[in-house]
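Chain IDs A, B and C follow the sequence of writing; residue 1 opens each chain.
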Amino acid sequence: MTSIGTGYDLSNSVFSPDGRNFQVEYATKAVENGGTSIGIRCKDGVVLAVEKLVTSKLLKPGANKRIATVDRNVGIAFSGLIPDGRHFVSRARDEASSWRDTYKQPIPVSSLADRMGSYVQAYTLYNSVRPFGITAIIGGWDSEQDLPVDGQVGSGPKTGTGGKVAGTKSGGPGLYMIEPSGLYWGYYGAATGKGRQAAKAELEKLDLASGSLSLHEGVKEAARIIHVAHDDNKDKEFELEMTWVSSLDGPTKGRHEFVPEKLLVEAERLAKRYMEGDEDEEEDENMES
Amino acid sequence: MNHFPHGWGRPRDDIYGPYDHTYLSHSQSSGPNQHTQQPAVTGTSVLAAKFKDGVVIAADNLASYGSLARFTDVKRLHKFGEHAILGIGGDVSDMQYISRILNELDIDENYGSTGNTLNAKNLHTYLSKVMYARRTKINPLWNAILVAGLDGVGRPFLSSVDLLGTTFSSPTLATGYGSYLAQPLLRKLAETEDEVANVTREKAEKAVREALKVLFYRDARSLDRFSIAVVTKQGIELMEDEQLEGQSWAFADRIKGYGTQVN
Amino acid sequence: MAFIHPSSLLPSSNPSYSFREGIKSSAPGIQEHRFSPYADNGGSTLGIAGKDFTIIAGDTRQSSGYSINTRYAPKVFRIGGDDDSGTGAKIILAVTGFAADGNALKERLDSMVKMYKYQHGKDISVKACAQRLATILYSKRFFPYYTQAILGGIDEEGVGALYSYDYVGSYEREQCRAVGAAASLIMPFLDNQVNLKNQYVPGSGVGHDLKAKAAEPLEQSHVEQLVRDAFSGAVERHIEVGDGLQMLIATKDGIREIYTPLKRD
């Protein structure tokens, strides 16, 4: 690397003469070595999935989760250094909690992404710290209904000022990806980690921007993409970890949860069949089942 | 030398006159006087009774501001997890605060892989420590709370905690006016824990509804709309906006001495 | 800020029930209502130490004013047990007064006794535990636990040990002690029956020549009966005592519990 020996890579808060922060770039390298994580924003929910590389047969299956819940309606998946990810999640939970203290409402996914973006960016500013060695995918569902504020005990006026307007809807799915620099964007489909290139290529084929993909289809696609992105040559074993969050009238009732065992097994079965067979032919069959 | 220990360290009576205790405890302006308070908007009684498979709990929908019936659609039963529910009397803003800390507790519990496993007994222990800690800071949460549900081994659980952190448990419980009017009636259901085994859900629910009616007749700060919940192994069945049925105000004719019938 | 009115902890010249009444004020005009962090939940406890056992007992009624909160709220606890039910405990604590403080005190002492065992690998002696309890009580000297505690167990010589305390940790080892609402009813009975006050050998003389009856170690079964009698007497004369009698008996084999119903009126 060109930076080595120049001295500009030894500290945060120091730019190289051509305007780069090498510490951030090194952090990105850490992410690129981590297991793949993806997120899909469907019309009625969000799916998160990670390729959890099994580093030892002595590890308990299903332990050491890499997707965590924040508040009730948000999930965070991450690729990179796991301890950094744990700290990131912990901070996100604190942000969600302090938002509730202030506003007596769950934090919107966009606001959580914004606050976490600021938090991550602050770790690029000081020479006493290093940047986060993770890229995090934040997916959640903002309630489409007018939720009662925390602690509300009455129903309030039925009509007039302060009354509810029937049939109004807001909220919906939210998906954001935060990089070690603190940069974040909202996405239809997000991918990071080792297999991100392959995953992105698959995500682009899904025409997510049209908002037509259903959550159940999204779950199966996510499982398939994780399998596609997995590189059998470098890593043999991996576990598929998958969560989802649906609308209030959907399967998770607006909560972020792990995909039920039955559905997970089915999605993984289809993904494996896809991998074994002729990819183009199998894809149609997958969509139907 | 004053040989009575209670005189030590105080101004001498023979020089300064007897110490005026009222001065300190009644002064508003001098010295720090934090947290002196009284409840503002309040809910009245909460009633509950155990039966062989669970617990019934009820509270009316009224929040009073002194003698003013301020809010008439207030829900004073709060679910917590799958098998615990609490009924709160006393200050409504403190009730809302309690509801919020329990919401936060539920969110935090669900971060674990096992979900919220806190049972009614755990919840009661937690709440009693919150209440006792606040009274110790002389900044109490002005409530009387009943916690109903199932304990760690699935047995019916019913216990109370108040603004002082005092806790107690009994086959039937009632707070506020209910402790005078309803509790003696409810005790007829089951006097001891052993007798709870003979109480059916129907009997318990009926007794609680009847006791609510007695309270509506005699407690001027009560309402005939209420919430009632039944907790069993099957979960919580919460019925809100229930209406007291079978009221009879015939006895009111014969009340004399005040109101419209002075003599 | 003074939490307790100093005079309220002193004996009052006014007649009153044993439960503490609100602060009386002679100030004319506006009466301000302030929050009082204390309550009196009534009830009575007693302890008697024998030559190889200690019995600590208490009624199970908890009241506030004229209301009975519950007919079963234990005031006598096993300290330093291995689990919720207190198995493995060797020390007994009884508390009367303000029930919430009593519970807080019990939990503090219980966790400290457990910590002692974890740190030193052996059970705490009753003597050390007694001193520890005094320290806990005194640590709240200026916002006291409104509880009268008695602590008992078997001492290092194998003899029954009993300690009694005031609100702020002053304590002494005694042969017997009655505490709480009916203390003034039960204590004279114990003075007479355990310490044999005013008991003389019949025909041993006249007036000052009468010989005091010599104290002999009391049998455990005899002491159990004394405790039952003391409480059935107190129930008749004190409204805050009743419902049930809980007796915890510490011997070299551990702690045994006996529950007997009392009148519920």
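FYI, contacts are C-beta pairs under 8 Å (C-beta built on N, C-alpha and C of every residue); 3 or more make two chains touch, one makes a residue touch a chain.
None of the values given here were measured: they were computed from a predicted structure.
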Separation of chain C from chain A in steps, with touching chains one step apart: 2
Most distant chain from chain C, judged by the mean position of its C-alpha atoms: A
Chain pair with the most C-beta contacts: B-C
Central chain (by mean CA position): B
Inter-chain centre distance, chain A versus chain C - centres from mean C-alpha coordinates, in Å: 60
Between chain A and chain B, centroid-to-centroid distance (C-alpha), Å: 44
Cα-centroid distance, chain B relative to chain C, in whole angstrom: 29
Of all residues in chain C, those that touch chain B in their complex: 1-3, 5-7, 10, 23, 25-27, 30, 32-35, 37-39, 41, 62, 64, 67, 69-73, 98-100, 103-104, 143, 264
Chain C-touching residues of chain B, taken from the complex the two chains share: 6, 21-22, 24-26, 31-38, 128, 132, 135-136, 138, 140, 160, 164-170, 179-180, 183, 191-193
Complex contacts: residues of chain B adjacent to chain A: 63, 71, 73-76, 92, 95-97, 99-100, 103-104, 107-108, 110-111, 113
Chain B-facing residues of chain A, complex: 65, 68-69, 71-72, 93, 96-97, 100, 104, 150-155
